[in-house]
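This is the structure, below, for whatever I ask next.
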Amino acid sequence: MATTLDPGIGEKFSRRTKRAINHDGSFNVRRRGGPHTHDPYQWLIQMNWLPFFGVLVTFFGLLNIVFAFLYMALGLDSLPGVLAPRGWWQDFLSTLFFSIQTFTSVGYGHIYPGSNGSGFVSSMEALVGVLTFALATGLLYGRFSRPSARIHFSRTAIISRRADGTPTLQFRIANQRSNILIDLQARVLLKTVNPDTSNQTYALLPLERDAISFFPLSWTLVHDITPDSPLHDLTQLDYEQLDAEILIQLKGYDDTFAQDVHSRNSYTHDEIEWNRRFIRAYEVDEDGIAVVDLDQLHLTEAL
Amino acid sequence: MATTLDPGIGEKFSRRTKRAINHDGSFNVRRRGGPHTHDPYQWLIQMNWLPFFGVLVTFFGLLNIVFAFLYMALGLDSLPGVLAPRGWWQDFLSTLFFSIQTFTSVGYGHIYPGSNGSGFVSSMEALVGVLTFALATGLLYGRFSRPSARIHFSRTAIISRRADGTPTLQFRIANQRSNILIDLQARVLLKTVNPDTSNQTYALLPLERDAISFFPLSWTLVHDITPDSPLHDLTQLDYEQLDAEILIQLKGYDDTFAQDVHSRNSYTHDEIEWNRRFIRAYEVDEDGIAVVDLDQLHLTEAL
Amino acid sequence: MATTLDPGIGEKFSRRTKRAINHDGSFNVRRRGGPHTHDPYQWLIQMNWLPFFGVLVTFFGLLNIVFAFLYMALGLDSLPGVLAPRGWWQDFLSTLFFSIQTFTSVGYGHIYPGSNGSGFVSSMEALVGVLTFALATGLLYGRFSRPSARIHFSRTAIISRRADGTPTLQFRIANQRSNILIDLQARVLLKTVNPDTSNQTYALLPLERDAISFFPLSWTLVHDITPDSPLHDLTQLDYEQLDAEILIQLKGYDDTFAQDVHSRNSYTHDEIEWNRRFIRAYEVDEDGIAVVDLDQLHLTEAL
Amino acid sequence: MATTLDPGIGEKFSRRTKRAINHDGSFNVRRRGGPHTHDPYQWLIQMNWLPFFGVLVTFFGLLNIVFAFLYMALGLDSLPGVLAPRGWWQDFLSTLFFSIQTFTSVGYGHIYPGSNGSGFVSSMEALVGVLTFALATGLLYGRFSRPSARIHFSRTAIISRRADGTPTLQFRIANQRSNILIDLQARVLLKTVNPDTSNQTYALLPLERDAISFFPLSWTLVHDITPDSPLHDLTQLDYEQLDAEILIQLKGYDDTFAQDVHSRNSYTHDEIEWNRRFIRAYEVDEDGIAVVDLDQLHLTEAL
């Protein structure tokens, strides 16, 4: 019974793949075929704020334009208060404004539905309007309240050396947010690619410490390159030829959202600096307060 | 002290039951008697979108019709702005439109409550209206934000064979959604039915790997049919006579919803193909991106 | 270093206490003193629906009465559209209706703020109104979406006997709801009270099975009264003199709410029947569907 | 491979720091540099209620003032219903009231947009208004529903003594709220500072009991100062010179919110009383109900 350390990223490939995990935690994978799954919620929740508001405004605009045309089709007579027909464009604007006043339930009333037709259409539009804003309320809340870790990673991992001479692989993280992460756990894997077959192999890189209770400062994750380590005796060239990639999985509890949050990242072989050590990224000010400098998280110096 | 592997589906039955787990993860069980539990939330949350909007529109419609009749009972005199009585139907439509304008808080005002009676009723309706839309807002959000795994299972499980000759039971899954599932765990049981007593027995089918860290690609779950396996030496006919059913329980963490999600499925004996192997369901495109084809998830070939 | 199995309910008491856990899962404990904690949310979320709507309507009513008096204090002149003063009561009703039209943002406009004073007050009221309904929306959703297990317990626990003569303590549970509970775990403790000192002692009652994967049917929880059991050799009179109470803690995952749910209950010594056995509470209908009868959950027969 | 018990608070410091954990659970750490992270949600969710409403009212006010100026820029002619220009201040007030009526979707209609310009601006304002209130709804719900433990800690920890002479470190907690916390777990660490180097060391203080199933009463956490304990043989002066701080981490499940909650606290050396014992903080009333007195949680007496 073969055992494998593949974290689910795949072992057998017909050719070389891009890095397994991007810096934003996503994978270089696409999905195709299969039953179509409507996931408008996930789509609307995950997109950026600007396109989100774009979608919202476009949707509102189209809906109101449709209703404006419906009112025009019913005739301006059915909307007392609209000034006498003054050309297509002006009539459209008048019905559009009336539509928006109905859709948002402002309903000034200087224009009002004066026929059964416009009474019915405006009633429908008012219902559609309040339900649409109910949906928008849920979406805005869902977007706002989605827990997500914002872990800041040092730009590079480093190959360093302990006082006793043991070489180590290190990288550093800090919390970009001011919230408290609790019981943060880390798991680090090495991915290597067979230069001949393009097959991928995974090996666990045990950490000096793989969990901390609190995460107010920065945390340096350290793997000792002992004779047991899969990194033992590898040269910088080996890293390159094996397309080595350090995969990192983080998991913690967010005290603000009261939910678990996850974070992923990776360092490819060209994001590893050799024979460096990290410069401390925090200091204590006059009041005895520790100050973490996120910019200094990346600072290293030659051994 | 007897131990059992019954996952909670029951062992002693008076006669044969349907499959334990349906493809949508539900069980073939009904509930009867007991204290009546009002679960309108669960009902409204779990129904499909079309009936849900049907319920919503019906509820809104009935409520407004009731209010329309209340206004008619108060007399059209109490609603200045309504044109002189023009027959029952027209009066009803006028009060209905006024009711909807009040319910949705549009309140154009060309019709308005001109008596204490209509003032009171319209005040109540306005309050009922905003609270109703508050409820609808919550329901729409609850429906939208409910986390659920959409795991795509290969249509059949297969009995395959390793290079060393070991027979294996296999099936494949992929994520239908583009979200990331983390720490996905699987548990597979064999359910057999005693042909004489209809009693059911359960046995664990250990997997080559029962958990993966990430789930961007497809995952083939493999049970080796070693001499220890409850499937050892069973022929295709045995599967049929024992009414064999492979029960699958999956559990993972959804990175979008930041919550655990679960999935269940089963393969009955006639959903198992013999002496087949899976054709790989992903390939690498020119950009080094792995492409999973959900349609190819089902593809098998003869050994 | 003394160890104890007190689940947190307390061991040393000056006199006998009521049962530790009530049938609704609450404890017989009150809190007093300490910093005052405002928990309107917990209060409004946990109360029943009828008092909740009572609170809501009372709050809306009082707020609008206050605003009505404010408008009256400003004088009816500042609200054009109100008919000439017609006595205190009629004036109050007119301003109250105007207030509610503003609060709910209906704003018909047949009465409108015609002075700076009424313009300011009505603007404030409109803002208060929309924020109040925002709050009500959140509360209604919070009440609706609160996950809670509705586990139906057999009315009594029983002392039964296995085929091999081993006496057992048993009770049965079923899910009142049609949702699926997953990975349901149970923990059962025995609480006894020292008749002389009123001190309480707790002992774990190991179960034949303490977890099930699914919970579609009923589940009979069985503790074997072996020589190791704290119940061994206890007579019915001992149960009474020791004020024996069986404490039950259940924990599972609710597939609808995607959250863990908990349930508690207890059986006091007079809720335990001796020398009985449970009659099966489910049967299989013609379609092969298992039917659980919640009323039969309580049915026992003499051994 | 060095192991450390640093819970993530840091070991090497250039000078003495303030206490590690404040009584409200926060850390004495500041963050600086790094990519700017917009966290308006966290900020708006975590601030107190008074400043929150201040932000809300300021935001609403500014927005409406901007729109009021827009309407003034369009000219009062475009808002029929506004009385003839009566000076800058009065015109501003009129447009401000109209703006608020539009923003809150009250829309009385005695003033209404009579030109394309005002029609467009008021349409935009109505949309902005409903979306703003959608956001406010989400924020109010997010604030209200955020689970948080309110654990009441005894004001001091005490050094006490068991009947057998073993010295112990103790402190007491109770739940300030009336909700039920389940499976409460505690972890206690000792932080000491090297007086010469300012370096910090951490040591686990094992507890007599580190978890309870329920938390209806008070809970006394007890660490026995055995020869193995890091506190063994330390005098009160040692505590002071080592800047000893007892760090406490609590974790439990909140039955109302159906979510895990966390709590942190610490006792510095001057918050530890020597040779005291706790007076019991609960009693049983005539009805057999245990009554916890949160004020008595702090009560100690000389040994």
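Think of it as A, B, C and D in the order they're written, each chain with its own count starting at 1.
The rule we apply is simple: a residue touches a chain if its C-beta (ideal position, glycine included) is under 8 Å from a C-beta of that chain, and two chains touch if they have at least 3 such contacts.
Small disclaimer: the values here were computed from a predicted structure and weren't measured.
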item: B-D against A-B, pair bridged by the larger set of C-beta contacts; value: A-B
item: Same vs different contact residues, subunit C with subunit D, by half of numbers used; value: different
item: Centre distance in Å when subunit A and subunit B are each reduced to the mean of their C-alpha atoms; value: 26
item: Centre-of-Cα separation between subunit D and subunit B, whole angstrom; value: 37
item: For subunit B, residues that touch 2 or more chains besides their own; value: 101, 105-109, 137, 141, 259
item: Subunit D contact footprint on subunit B (complex, rising order); value: 105, 107-109, 137
item: Contact footprint of subunit D on subunit C as seen in their complex; value: 1-4, 6-10, 12-18, 25-35, 37, 39, 41-42, 45-46, 80, 101-102, 105-109, 112-114, 116, 119-120, 122-123, 126-127, 129-131, 134-135, 137-139, 141-142, 146-148, 187, 249, 257, 259-262, 264
item: Residues on subunit C engaged by subunit B in the complex (per definition of touch); value: 56-57, 60, 90, 93-94, 96-97, 100-101, 104-110, 133, 136-137, 140-141, 144-145, 150, 152, 174-180, 182, 184, 208-209, 212-217, 219, 224, 226, 253, 255-259, 280, 282-285, 287-297
